[in-house]
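Take a look at these structures.
You will see subunit A twice below: alongside subunit B first, and alongside subunit C after that.
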Partner chain A sequence: MAGFVDLNIPHLPEKESLQKLVASAAHLGYSTVAINYVIDYEEKKKEVVKPISPSELFTSLPMVQGKSKPIKILSRLTLVVSDPSHCNILRARSTNIKFYDIFAVFPKNGKLFHVACTTLDVDLVCINVTEKLPFYIKRPSVNVAMDRGIYFELVYVPAIKDSTMRRYTISNALSLMQICRGKNIVLSSAAEKPLQLRGPYDVANLGWLFGLSESNAKAAVSTNGRAVLLHGEARKTAFGVVYTMKKPRTPDEDDSTPATKKVKMAL
Partner chain B sequence: MIESGDGKGSKPSSYERIVLKNASEYYYLKIHLEFEEVGISLNAFEFKQLIISALKQLHGEVGAALPVDVLSYEEKNLFAILRVPITGLVKLWSALTLLDTYQNRKCAFRVIQTSPFLLALAGNSRELVLD
Partner chain C sequence: MVRFKNRYFLCEIISEDLHFQQSIDEWAVHNTVKNVVARMHGDFGLACCSIAFSVKYLNAYTGIVLLRCRKDFHRLLWSSLPFITHLESRNERYRCSFNTLHVGATMRTCQKFLIHHNRNQLLVLLRNCTSEDRQAIQKSVQSCKFVGEEQYNSEDEESKDEESDDSMK
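Entry: the complex of A and B
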């Protein structure tokens, strides 16, 4: 069975609180987490920063509950887009962008949602859960996204924090489920405090409120998250065959850089 | 299969095979209430009230009418075992998941185990290491 995945741990400026958050995720049983960096064009926060590396954050990674293995920490970039020109950053291979494992977009209107589903080179499309959905989710764009292996992300912490947001979360989730029938959904937290995080089994159960079936809800916290990671990996290297070679490394070399990769393109 | 007895006096022992489907009508949950600060204590009555208010917040009056029983409650470390009918499991579990405050203090319910059989709560399957 694939391990449990939480793809949205927001990047907090204080290192200490981020450490606590990751440690409590490991304690709850998540075997992989992704630290989320948000770029919002309306807030003029345009520069892509280099993501924090796990070795910088922890001297020894926290152990996952029930697995006796250390937690895996990834990085994820989320673009909040309200104009098609904002997506250029994904095409322009700028210096820091290659360090991210997963790309996500947060479309602000229906046109951009369609663009994100059909043409943009991303892994995740975020669904707004804090306010009423400003557009209708259309079946053609969702079908194309499902064919391309793009997943939709629903965030559950706003539902815990506030009762009006809980209403919006449930109604937006249900309207999405009507179109995609419970497939290609990823449930993640976006928790800023350790107490807002919930265990993976609790989140899978919460999927029932969002209109998922039992098996789809469990997939939304485990296998679908893994599929997103693999999609991101394929995008980073090549869409065809990836051939890696192991090279003996000196201990002082940085662990976060991947081993030498030989990439071969298939048809 | 029925074994034939060797001795003359012993009766042949008979075997019976019974298959029960959904034999248990209840589900049991082992839960832990976690607070941000330390040293907050609730008595069993307040604990039950908190669970009912959580159910009411998410599922309304119908949810609050769900027959939930607190079977055991440890006041000093806030561990409890709940019993709920099978049809109400998802309702109770989601209500506990979406609760975040008790008297304006941040808190969280951690569901440690769930099982249709009370005996299964004696060991923890989630922390079981197989390899």
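Entry: the complex of A and C
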């Protein structure tokens, strides 16, 4: 069975509070978390920063509850797009962008939602839960997204914080479920404080409120999150099959003569 | 003859407040859970969940709670547990969150799970504790035997985990 995944731990400026957040996620039983960096064009926050590395954050990674393995920390970039030109950053192969494991978009209108589902090279599409959905979710774009292996993300912490947000969250989630029938959903937290995080079984059960069936809700916190990670990893490969990485060289291999010549000399 | 089927929720209350431990009792938990069910599911949900609802066990030191409700409506109760943000007791609010560890059909399975869980917790705590604590734990583990419910005593943080095992027996 795949471990539990929480794909949305917001990047906080203070290192200490981020440490606390990750440690409490490990205590609750999440085996993988992704730290989320948001780029919002309306707030003129355009630069892509280098993500914080796990070794920078912890000297020894916190252990996951119930398993004797350390927690896995990933990085994720979220683009808040309200104009098609904002998506160019994903195509530009700039220096910092290749450090991120997962790309997500937050579309602000129906046209961009369609573009995100059909053509953009992303792993996650965020669904707005803090206000009434400004567009209708259409079946063709969702079907294309499901074929391409793109997942939809629902965030549950606004529902815990506030009662009006809870109504928007549930109604938006239900309207999405009518279209996608409970498939390709990822539930994640976006918690800013450790006390706002919930355990994975509780989150799976929250999926019941959002209209997911029991097995789909369980998949939304475990296997679907893993599928998103693999989709993000496949971006770095050729056709999703071949993956190259640099091998650390040993000193005796470092001779200038190639291996074939060495054999001849030995003869 | 059929019998009524129940579900037992083994929950952990997570809190950062230090005064939390002394000032919490079963009624506070009972009222908080009922309030949150009423807020989430309305009068109908409250009526369904309050059949045979009770707080069976509360350990304020480790923050472990055992709740009981009928099997037919346990989904209603479970889906409202994540929305608890604070406990109210003696007109004071303590910020906390509930984390469901186990949902069992009998109290016996919940107890077994809790013993297993506490043993794991103890191993995690042992990894980053000082040598004095470690010796104290060793001493208490070696002298460990099953005694009555009232006769145990605890000195430090770590031995409290064992304490909850004993008191459940």
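As a convention for this text, the second predicted complex is superposed on the first by the 242 of 267 C-alpha atoms of A that agree within 3 Å, B and C clash if a C-alpha of one lies under 4 Å from a C-alpha of the other, contacts with A are read in each partner's own complex, and residues count from 1 in each chain.
In the analysis below, a residue touches a chain if its C-beta (ideal position, glycine included) is under 8 Å from a C-beta of that chain, and two chains touch if they have at least 3 such contacts.
For clarity, every value in this text was computed on a predicted model and none was experimentally measured.
Colleague: In the superposition on subunit A, see if there is space for subunit B and subunit C together, and answer fit or clash.
Modeller: Here subunit B and subunit C cannot both sit on subunit A without a clash.
Colleague: In the overlay, answer first, second, both or neither for which of subunit B and subunit C A:Ile160 touches.
Modeller: Both subunit B and subunit C are touched by A:Ile160.
Colleague: Tell me the contact category for A:Tyr136 with respect to subunit B and subunit C: first, second, both or neither.
Modeller: neither
Colleague: Looking at the overlay, what does A:Met63 touch: subunit B (first), subunit C (second), both, or neither?
Modeller: Second partner only.
Colleague: Using the superposition on chain A described above, determine whether A:Gly199 touches subunit B (first), subunit C (second), both, or neither.
Modeller: both
Colleague: By the touch definition above, which subunit A residues appear in both interfaces, subunit B in one complex and subunit C in the other?
Modeller: The answer is residues 28, 65-66, 159-161, 163, 166, 195-199, 201-203, 205-206, 208-209 of subunit A.
Colleague: With touch defined as at the start, can you tell me which subunit A residues reach subunit C in the complex?
Modeller: Against subunit C, the touching part of subunit A is residues 24, 28, 63, 65-66, 156, 159-161, 163, 166, 194-199, 201-203, 205-206, 208-209.
Colleague: Given the complex with subunit A, which residues does subunit B contribute to the contact?
Modeller: It is residues 34, 36, 57-58, 90, 93-94, 96-100, 106-108, 110-111, 114, 126-129, 131 of subunit B that touch subunit A.
Colleague: Report the residues of subunit C in contact with subunit A in the complex, numbered from low to high.
Modeller: 14-16, 39, 75, 78-79, 81-83, 85, 95-101, 103, 120, 124, 127
Colleague: Show which residues of subunit A lie in contact with subunit B when the two form their complex.
Modeller: 28-29, 65-68, 159-161, 163, 166, 193, 195-199, 201-203, 205-206, 208-209
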